[in-house]
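Step one of this worksheet: look at the structure below.
In this document, chain identifiers A, B, C and D correspond to the written order of the chains, with residue numbering beginning at 1 in each.
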Amino acid sequence: MTTPWDGVITAEDERRYEKAGFGRPSGIGARPALLIIDVQYRTLGDTPKPFDEALEDYTTACGEVGWAAVDHITDLLAFFRENDLPVLYPHVAPKQSYDAGTLGAKVPSIMLVPEQGYRIPDVLAPGPNDVMLPKKHPSAFFGTPLTSYLIGLGVDTLVVTGCSTSGCVRSTVVDAFAYNFKAVVPYDAVYDRSETVHKVNLFDMGQKYADVMSTDDAIGALGSAIGRGV
Amino acid sequence: MTTPWDGVITAEDERRYEKAGFGRPSGIGARPALLIIDVQYRTLGDTPKPFDEALEDYTTACGEVGWAAVDHITDLLAFFRENDLPVLYPHVAPKQSYDAGTLGAKVPSIMLVPEQGYRIPDVLAPGPNDVMLPKKHPSAFFGTPLTSYLIGLGVDTLVVTGCSTSGCVRSTVVDAFAYNFKAVVPYDAVYDRSETVHKVNLFDMGQKYADVMSTDDAIGALGSAIGRGV
Amino acid sequence: MTTPWDGVITAEDERRYEKAGFGRPSGIGARPALLIIDVQYRTLGDTPKPFDEALEDYTTACGEVGWAAVDHITDLLAFFRENDLPVLYPHVAPKQSYDAGTLGAKVPSIMLVPEQGYRIPDVLAPGPNDVMLPKKHPSAFFGTPLTSYLIGLGVDTLVVTGCSTSGCVRSTVVDAFAYNFKAVVPYDAVYDRSETVHKVNLFDMGQKYADVMSTDDAIGALGSAIGRGV
Amino acid sequence: MTTPWDGVITAEDERRYEKAGFGRPSGIGARPALLIIDVQYRTLGDTPKPFDEALEDYTTACGEVGWAAVDHITDLLAFFRENDLPVLYPHVAPKQSYDAGTLGAKVPSIMLVPEQGYRIPDVLAPGPNDVMLPKKHPSAFFGTPLTSYLIGLGVDTLVVTGCSTSGCVRSTVVDAFAYNFKAVVPYDAVYDRSETVHKVNLFDMGQKYADVMSTDDAIGALGSAIGRGV
């Protein structure tokens, strides 16, 4: 059987986690919401192209792997719109002069992204009732009113998509788990700049915090969970 | 040059992060605190022994790699005690019947640890002014008053040790970064059940959230930062 | 019509809030939980007695008004137990040497309460599935995993009881409101050391954050909301 | 001696708090920051005028008492600018269609404020390095990155000004206290729509969470605390 972490996580790694009892599915609730995190030109590049070329658009771009994920996020977005389920867009707002802090020290290039970099591709354009969540930190929960929106909307499950797998996606999934929301990570709807890092972070999330599956499987499982065949 | 992630992170991975501008040091402030996270028999095993044998003590044990880290944490603890700097012990308290939630679904064995498993080894025994922080979730910040203690103590830097590298250590480091605390992760003072996972999580933290170095280097750098040669 | 703030809030005060559009009811959801906050001997006194005598038991005691509230909380607790609805006990745990901080400076006597003071009266004794929440700060949400428990339990409404009206009750209600939980404050099931302060805080909560009503009315409204006549 | 709560808090109220040991000063640290909360036309009215007339500008306006406070906040702002100390502006951002939630139910008029209402008067105009903090909830800490900014800036004390005394000011002060920041509330630099409510909330904050004093006294005390005579 192939897994999303083939070639990086060894059989011995998998054996240890299984023996310790990790990795059971946590399931999907009756009221899921879709999070589309940081899917902005600054993480994609202005058009689909290899990593090194995308880096010339923005130093934070991941390139082709990002655009491939956009296709899968588009499918998920269609499912959520059809079923009138909540969609939220945690995203990075343009940096201000007062935003340097620890981040500016650790990753200085992040302070210099032009405005186009903050735009969301048209194919994923937010609708009028979608919740826009500007954020300053990796997790979509940190320093934002995300929890309040989810409680107000009665959400019990988060489908987490976007970028980067090891950064904002993972930290959001860890917080979702801590808040007792169920979390689903469609592995082909999240992206990162390194394949090794991408795969190990998917493994970590699947073992401890979330159900990791393909977008197709996620749409099937969501359909069943909300009582609607797909 | 060897790195703590040799053999897992590829040269291409490293090249990409460097080209994107990640991985700059964030430095150490004048008022560091030591976090000793989850260093309890349940994550170590009752005595130093190989992984599979340790698992017979507790399904959450990491075995020998944990006990090796304890030696390095002991050195750090001595440094913090000598310099009268704050030490805090985020730890898992015995589970209650009302604690099942999402965690119980995802990792059922975590609900069944005997009391001895929650004890801290004598060599790292907390002193009367150390802060004990029972926690229910991965990050030492989540659902605990850790931030309040750190602000009250005037702390600006966290040295994060313990277990697991990919779990409570990493999520604590991500939150420390989000709160604008500087973070140091001594790579030989943290431990996990899989070497692959351990290494990639060290790489992730070093690229984005923390300064990763050996315990010896950390003690040297801390000595300089607080104005005292070692 | 009498109100819980008669004699303190003036007709002109009421007129201003009404004209500005405050004070609409927010209602009760289908899944309420009961919070019993800080109902411990240290806030009551060891037996029902006047304020000045209760102060000789504990400097934090409110005296007779507290014991009167206990009777109403008992009625609410019976309702929640009969209907198998969640009950949570945010409470103050015995202070540790490392707990002084700002609180020790502002209210030094709070550091010196004997162990009996932390006990909960038998009539309100927690059951095995009730959630115990030790806290260090006024709000039951601050530095505790309360939000995670509420999300895990699917709660949408909090009935907030206990002590003090102006302290832990009010700050919990403000946070509940911020998280988008509906909140109900039964005015005869909360208590404080000053009648003026008690009344104005009830008014503030009723105008901006919660539905304020008698325990009898609350039990009636809860019965309707969960689809069960009383 | 006159107090900011004369005529509402009784001598018996004061006696009880004193006997219980409340109300000790917590002091001012070496690194204060100024918070100017919600001082926008929507809470003031477009020009200084009586309450009922201001209400015709915005249903959330407080009128003349707000403009009187603006004069004192201006003095504090000058002090902070002269001493190059941090200034932060928690404020309400224009409501979006997805913002109704509990707030919309409790205070519907808050959803309908025109854009001019969100502007800050020129005399208090933010400078390029001041931190702008849009917020959705009463406390300036809730769902915002305020704590991260304060830690990054090394702040230990908050001077809290603006509006309303019983709403955003008080909930911010309670959270500041919980985070172990020292807090100062200049009673003539905060405002509310009811004098009774204003006074009792000042009393509550002074007894439990903050040092309450006049703007003149605050400027004097701040000058001493940062090592500069005024």
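Note that in this section contacts are C-beta pairs under 8 Å (C-beta built on N, C-alpha and C of every residue); 3 or more make two chains touch, one makes a residue touch a chain.
Because the structure is a prediction, the values reported are computed rather than measured.
S.K.: If you tally contacting C-beta pairs, which pair wins, A-D or A-C?
M.R.: Per the contact counts, A-D leads.
S.K.: From the C-alpha centre of chain A to that of chain B, how far is it in Å?
M.R.: About 25 Å separates the centre of chain A from that of chain B.
S.K.: Using Cα averages as centroids, what's the distance between chain A and chain C in whole Å?
M.R.: Inter-chain centre distance comes to 39 Å.
S.K.: Could you put a whole-Å number on the gap between the CA centroids of chain A and chain D?
M.R.: It comes to 37 Å between the two C-alpha centres.
S.K.: Indicate the residues of chain A shared as contacts by at least two other chains.
M.R.: Within chain A, residues 101-102, 137, 142-143, 147-149, 152, 178, 180-181 contact more than one other chain.
S.K.: Based on the touch definition given at the start, go ahead and assign the chain network to line, ring, star, complete or other.
M.R.: Contact map by chain: complete.
S.K.: If you look only at chain C, which of its residues touch chain A in the complex?
M.R.: Per the stated touch rule, the residues are 147-152, 154, 156, 178-181.
S.K.: Can you list the chain A residues touching chain D in their complex?
M.R.: On the chain A side, the touching residues are 96-98, 101-102, 128-132, 136-137, 142-149, 152.
S.K.: For chain D, which residues count as touching chain C in their complex?
M.R.: Against chain C, the touching part of chain D is residues 8-10, 12-13, 16-17, 19-27, 51-52, 55, 59-60, 101-103, 105-110, 137-139, 142-143, 166-167, 171, 174-175, 177-178, 180-182, 193-197, 200-201, 203-204, 208-209.
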